[in-house]
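Look for chain A in each of the two complexes below; its partner is chain B in the first and chain C in the second.
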Partner chain A sequence: MIKLDNVSKKFMTKYALRDVNLELTNGKIIGLVGENGSGKSTTLKLIAGLIRPSQGMITINGVQAHRQIASQVSYLSELDEYYGFYNVGQTIDFFATQFPDFSRDKAEQIRSFMQLERNAKLKHLSKGNRGRLKIVLTLSRDVPVILMDEPLSGLDPMVRDSIVKSLISFIDLEKQVVLITTHEVREVEMILDEVIAIKDGQIIGHHNVDQLRAEKNMGIVEWMAEAYE
Partner chain B sequence: MTDTFHSAQPIYYQLAERIHRQILRGELKPGDKLPSVREMGIQSNVNPNTVQRTYRELEGMKIVYTKRGQGTFVTEDQDILNQMRERLKQKEISQFVHGMHEMGYTDEEIESGLKAFLRRRKGEQSE
Partner chain C sequence: MSAWWHLTKKELRLGLPAFLLILITFAVILGVVSYIGYRAGFLWEAATIVSVLALGGHIFYLAYYLLYSLEKERKKLHLWLHNPQPGYALLLAKIAAGLITLIVSMLIIGTLLLISFNLAENFHQMEWSHSTQLAVFGILHIMMLSVNIAVYFIFFWMIFLLINRFTNGFFSFILTLIIFLISMSLYGWFMETTVYEALTMWGEINLLNILSGFEFNFSSDAFMAEFDTMPLYLGNYVFEASVTVLLFLAASWLLDRKVEV
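Moving on to the complex of A and B:
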């Protein structure tokens, strides 16, 4: 379980997050939605232990998030931060040396599902295939928490579909929790258990997606339109 | 291709409706095994948790049953399947009638209109 207790994050004098309280339970895929600059990436980085809160406390299964929480968390950055001189296979092998929980078997399965060639050079990969490789690397780790920052952004519909399908196929909902930030709400709506909307660093709503439909007859897009008014 | 669901109803419910229709059309026969939760999730691009919920609801309605370690199967109980067939018919009719009433048609107009429509269709098909 991920818990944010009264968390604020200030960059210089500007608040990126203010008094955020959240509880995310295992076995769910949760979407974090909001405009650019609303605090989505900051939230993910705080949970990943990459930055520290200015106030408040973040815990993952009872352990406070810090730089070494990486052993519990698999984090997909919105940036491409891989070595261009490696090929796909070498990149996977490199990741396997960095994380003891990395499963080469699973990486192979996802790689072939994504139709990536092991010997394709990274610097020659298309943007779509780089996006797919990031998924391979992120989902191959056996960790309780998976954080994905804009995994679909800027990718074509075929690639987005393959990523959504890989989430359904390779996430272990018995024991993992997945937090995804995205603008492509319609694309991920069907695979989300919960949705959290964030605006100007504050949580303005947190709902179970099917409950939202049952009680308010609204999908996420309609609900967001209302929440952001 | 990605299936589309509309946003006014819960996804688990729409998925259950879809399975109902597959049974009515005979695409799923009594005793047939449903895809596993994950397979069904991949086929319809839906969260496995949602598929799980759909299967649970169908099980509650006795339309499917689960054999431990083997999967989920369509019931072979004809009574239950007949009931389901009747229920879906009633539901479809009530939606149709509701829509017609909303547009201001009387019961008589609906009835005669429907009869005429069916007669015309029969004529077209036998030609």
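Moving on to the complex of A and C:
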């Protein structure tokens, strides 16, 4: 379980997050939606232990988040940076050496599903294939928490579709919680269990998607439009 | 250990261009100076001098190598830091990769030095016992100084990364430089104090015993260099080693607890 307890994050004088309280339980795919600069990436980096809260506490299964929480968290950055001297296979092999929970078999399955060539050089990969590789590396780990920062951003519909399908196929929802930030709400709407809306560093809504449909007769996009008014 | 070793192999691959650049630069300079020396009739003497200077310059090699490696990593900090290994392991992998390439680089240049020195007719041959002693003494000190300077560099690089959270790269560099200069001034002032003397000036090592009678002469006898009684203290080595270890631990702590992506 991921718990954010009264968390604020300040950069100089500007708040990126302010007094955020969240509890995210296992077995769910949760969407974190909001405008650019609303605090989505900051939230993910805080949970990954890559930045530290100015105030409050973040715990993952009771352990305070710090840099080495990487042993429990698989984090996909919005950035497309990898070691360009490796090819796809070497990158997968390197990740397998760094994370004891990394499954080479699962990585091969996802790579093959994504139709990525093992020998393809990273520096020659298209943006779409780099996006696919990020998915391979992130989902191949057997960790309780998977964080994905804009995995669909800037990708064509076919790549987005293959990524969404891989999310359904390769996540173990009995053990894992997935927190995903995205602008492409319509593309992931059908796989989300919960949705959290964030605006100016504050949580403005947190709903179960099925309840939202049943009780308010709204999809996520309609709910977001209402929440942002 | 296995994860760390694979990380070190990645560091070796990441730092390969830095290593090759040094060797290529050395080859180019050696080629130009040797050509000039050849025209003047001092081919091997010129090659010897270039090789000696290049070997001496290796005291900055590790810091240069780490500058290249850490700067490459700065652009993908999330990739480097999203790793379950502790900060000291991440940094040690870089230092180990740097040391491996430092040794290879010194071996290549040292071999060229040996060849050119032996072929340089204008240099009187030194007695082998003395030149071996000098080589061991020199190589050890080049490596120790290289590690020492590299750890200072890593520490101030962490300061740079901390400042870089709040401002752009240029101002971070300027501020880090100012902090570095102030720190070095304070350290210089501390070195003048009796406390520093008490901490370092014990366990005198007689260099003349190590390099007894070492001298080399040019055939003309116009130039002679001698090692005189250079005061060396075991305390100095212990003190510098302690400062190096403390700075490394501080840098590792900063990487784990303060540096942000």
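One rule holds for everything that comes next: the second predicted complex is superposed on the first by the 229 of 229 C-alpha atoms of A that agree within 3 Å, B and C clash if a C-alpha of one lies under 4 Å from a C-alpha of the other, contacts with A are read in each partner's own complex, and residues count from 1 in each chain.
To be clear about the criterion, contacts are C-beta pairs under 8 Å (C-beta built on N, C-alpha and C of every residue); 3 or more make two chains touch, one makes a residue touch a chain.
The structure displayed is predicted, hence computed values, not measured ones.
By the document's definition of touching, of the two partners only chain C reaches A:68; chain B does not. In the superposition on chain A, A:50 contacts chain C only, with no contact to chain B. Legend: residue contacts after superposition of the two complexes on their common chain; A:168 is shown touching chain B, with no touch to chain C. Contact with chain C, but none with chain B, is seen for A:12 once the two complexes are overlaid on the shared chain. In the superposed model, A:81 lies in contact with chain C only, and not with chain B. When the two complexes are overlaid on their common chain A, residue A:99 makes contact with chain C while staying clear of chain B. Against chain A, the residues of chain B that register as touching in their complex are 2, 5-13, 38, 41-42, 44-50, 53.
In the complex of the two chains, the chain A residues touching chain B come out as 27-29, 161, 164-165, 168-169, 173, 190-193, 209-211, 213-214, 217-222. Of all residues in chain C, those touching chain A in their complex are 2-3, 6-7, 10, 13-14, 16, 75-79, 81-87, 165-166, 255-257, 260-261.
Chain A makes touch with chain C in their complex at residues 11-12, 45, 48, 50-52, 66-68, 70-71, 75, 77, 79, 81-83, 85-86, 94, 97-100.
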